[in-house]
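In the two assemblies presented below, chain A is common to both, partnered first by chain B and then by chain C.
Let's look at the complex of A and B:
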């Protein structure tokens, strides 16, 4: 098969310049555009770019247009279900959507698995009038890295297709950055919302454990999993979370905690906010890219300029917290997958097999000690958050790595700054802080107290009101190809 | 006296056999790396948790929220 460059799909001037959910909502309500117009433009772009970017396992055109028509009809009838009505979104393909198979990017599941009903979080988005553009790619069972041999699309970073888009919520991250959705759902067990947000140059929020019900999602680590919003801006993440959050009895881990108004907190002010900067490991590691570190420190200075204060501090054993999270994660994952691994070893991808089977190599004592360590870590972080409103760290030690150079065992030996917050169950948002000398997105992470999503969103939003890094669009039109 | 690598290989084989897993020959190098890294990770976590044996109530008393 050969490919040739084609003319990008025609978009109206109105739809091509709308970047955020908030702006799309304004355009829909002012009559500048319609949901069908927005959805059609995104479907065309997603179809044209999916061979190059691998954002979607399945593009659900019929469903999306049906939802868009319903949203427009509701607007015409004076019915408004809120800011997500008529907004095209991507749903990670380990989350159930009624009428559409959920594959988890694996040949293990029955090909029709998951189509019987919406996951509660998807049902909430559907009731809010959202439009589902498609099921977005993930690493197999949200673990490991893409394996082209299994026949699923391999996701690529839209800023440089030779680079990783990170995982496991790769597709939602790529779709959001490339304009193939205004945002969507990811899941995060060790950084799977925040990693793609980091390297694809947009915002991604890992919520407090239990904040969003996770029934209807293929589990990875039972005590660590969360579903989080991914979108260009923190404000858009707040709009998504407003619909996603809240108790549901179908998830035994769902927290019955009141849901505040997230957007009401976003007033641009950080006056008096106390920021802790945990220096050891997060800022002084020899594998931390200086451009990443400097980007974070510049962003913190910008927040200080808005009235926040920052203080260098220390969290002991941050490296071991990352290891403890990984240990518990794969232990819980292996418990879920053991029978299939025994019976259907080769049906799993070549990168998933060694990743999952690590759970077998740990002993019961290892698992107990990791959970004892978890208590120590949680106590230490809780104490720090009595002094500081938030902690800020780099989101990752480097910019997006060259995909061909990555290997799973090497990754385990590199520093990582996200799993610590799954271990402690805390909310954490990653947002862009600029671009590296190679033109790749830089990012910082803001960590808050339990159920203080409003605080981390408020700080992220304040920063994004004085910067436009999150509004930069990767040059993807040149990637549009047609099969000859 | 067996080297650490030989001990890990033996433990890997025992773990695979006792769990009824039959990996492909080409998986072996990746499995050995995963096993070795896993043992290293566990040892690091163990080193901290072990020092707190006087606090048995630590286990599963974590408040996540």
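Let's look at the complex of A and C:
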């Protein structure tokens, strides 16, 4: 079956060159475009490419156009709710949006889960005038790989559709990279914002635990979950976070900590910033791709050129920290899923259930011990961050893997560089550093102190002011089939 | 493609996994169980590594505050 699609070719010159939230905001306010025009183009592109890229579980066209019209009317009336007004975004389908089913990409979950109201973070985006293009695909229950037999769209990496787009915030990652949204929401419990940002070639911020209220989100790991912004640029992540962050009583883990201006510090300067490079495990592992490592080190040198300093250092037990995060995650997740796993095992996807069941195999003492180790790890990292402003590591040991070669058992036997920062609750942003010899995105990760999102965003933004890796767009139009 | 390596242990992973699945009342396929038997030693080893001597005087991260459930 082929689809005749004239819209991508007909997309106006104005909309086709708008890549970021910041650019879109300027265009909206200068009258170069309207939210309806941006949204219409994006909806048509999303619809055309979803069969190939699987970014969305549901494209919410009516809602999006309604919101776009409201945004344009507000602009016309002289009302401006801020940088997100009129901006099309993707919402990960484990986050509640009023009036729209939430599936968690699972046949287990009642789509009416969570009731009728928006999750608090979604309510904030709605109040800011943003536009919801759709509910983006996720690994089932934010864990594991997609199972095509369950009937949900399977997301694909837009740089190479045979490769994984990573998870679990796959759909928002794919949509952001391919221009099917300007950005959106993901969640991160062990790397699920940062992984997709890494392999899809854009920016993704895991926030400090408690920075963004996580009520209205299907839980994975209660003491690890966070909602984070995903967008092309760190600057756009800052614009999103400005709206998302802040206390909400609906989340017992929400932090009542003032929200600073995340864009105020984005002045391109990193003069005097002290960067720590934890070499053992993060930079010397035998499974670390040399191109990934070299990309990070090259980026660090660029930051040094801007006035930062970098020092090699050590963080003991980084591998154990990854394991402790994984243990706590599956323990907390299995408690949530236990009854359904007993009663409806095969209703879960075939790649989800072996991951979830690991929570059953660990003992209660193991869970407690992982939480004792957690304190040691937090103390160690905090000591390091007394000396350094940030730590920088590779985002992942490799570029995007071939999807057909992946299985849940691999993850037990591979290094990973993201869960350590969920374990310690710290903010961490992943941004592109270039492309591999195979044309796949490379990425680095910048980790900061608790509630120092402004610092990690500042450093990421400074790097992106002198590079354009985050602005590269995969050649997705070739994936649209046209009528003969 | 599943991992085919089998870790060396001083216990029988098949006995352990079989018993734990039974106790948890989980019915899995033979293929799934076989992979769990291969994976269990890796998981067990990663958990065992966390029992570090230097954690002797460490309390777990989560803290319980009973007063949190009562009006101020």
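Rule of thumb we're sticking to: the second predicted complex is superposed on the first by the 468 of 484 C-alpha atoms of A that agree within 3 Å, B and C clash if a C-alpha of one lies under 4 Å from a C-alpha of the other, contacts with A are read in each partner's own complex, and residues count from 1 in each chain.
In this section, a residue touches a chain if its C-beta (ideal position, glycine included) is under 8 Å from a C-beta of that chain, and two chains touch if they have at least 3 such contacts.
Just so you know, these numbers come straight off a predicted model, no measurement behind them.
Considered on the superposed chain A, chain B and chain C are sterically incompatible, since they clash.
In the superposition on chain A, A:208 makes contact with chain B only, not with chain C. When both complexes are overlaid on chain A, the residue A:378 reaches chain B and chain C alike. When the two structures are aligned on the shared chain, A:451 is found in touch with chain B, with no touch to chain C.
Of the two partner chains placed by the overlay, only chain B lies in contact with A:255; chain C stays clear of it. Judged by the touch definition given at the top, the superposed model places A:110 against neither chain B nor chain C. Of the two partners chain B and chain C, more residues of chain A are touched by B. In the superposed model, A:369 lies in contact with both chain B and chain C. Once chain A of one complex is fitted onto chain A of the other, the partner contacts of A:355 are limited to chain B, with no touch recorded for chain C. Chain A residues in contact with chain B (one complex) as well as with chain C (other complex) are 317, 320, 323-324, 326-327, 341-342, 345, 353-354, 357-358, 360-363, 366, 368-376, 378, 409, 412-413.
Residue ranges of chain B in contact with chain A, taken from their complex: 12, 15-16, 19-24, 26-27, 30-31, 33-35, 37-39, 41-42, 44-50, 52, 58-65. Residues 208-210, 255, 257, 317, 319-320, 323-324, 326-327, 330, 338, 341-342, 345-346, 350, 353-355, 357-358, 360-363, 365-366, 368-376, 378, 382, 408-409, 412-413, 424-425, 450-451 of chain A are the ones touching chain B in the complex.
Touching chain A in their complex are the following residues of chain C: 1-3, 17, 20, 24-28, 32, 35-36, 38-40, 42-44, 46-47, 49-52, 54-55, 58-62. Of all residues in chain A, only 223, 317, 320, 323-324, 326-327, 341-342, 345, 353-354, 357-358, 360-363, 366, 368-376, 378, 405, 407, 409-410, 412-413 touch chain C in the complex they form.
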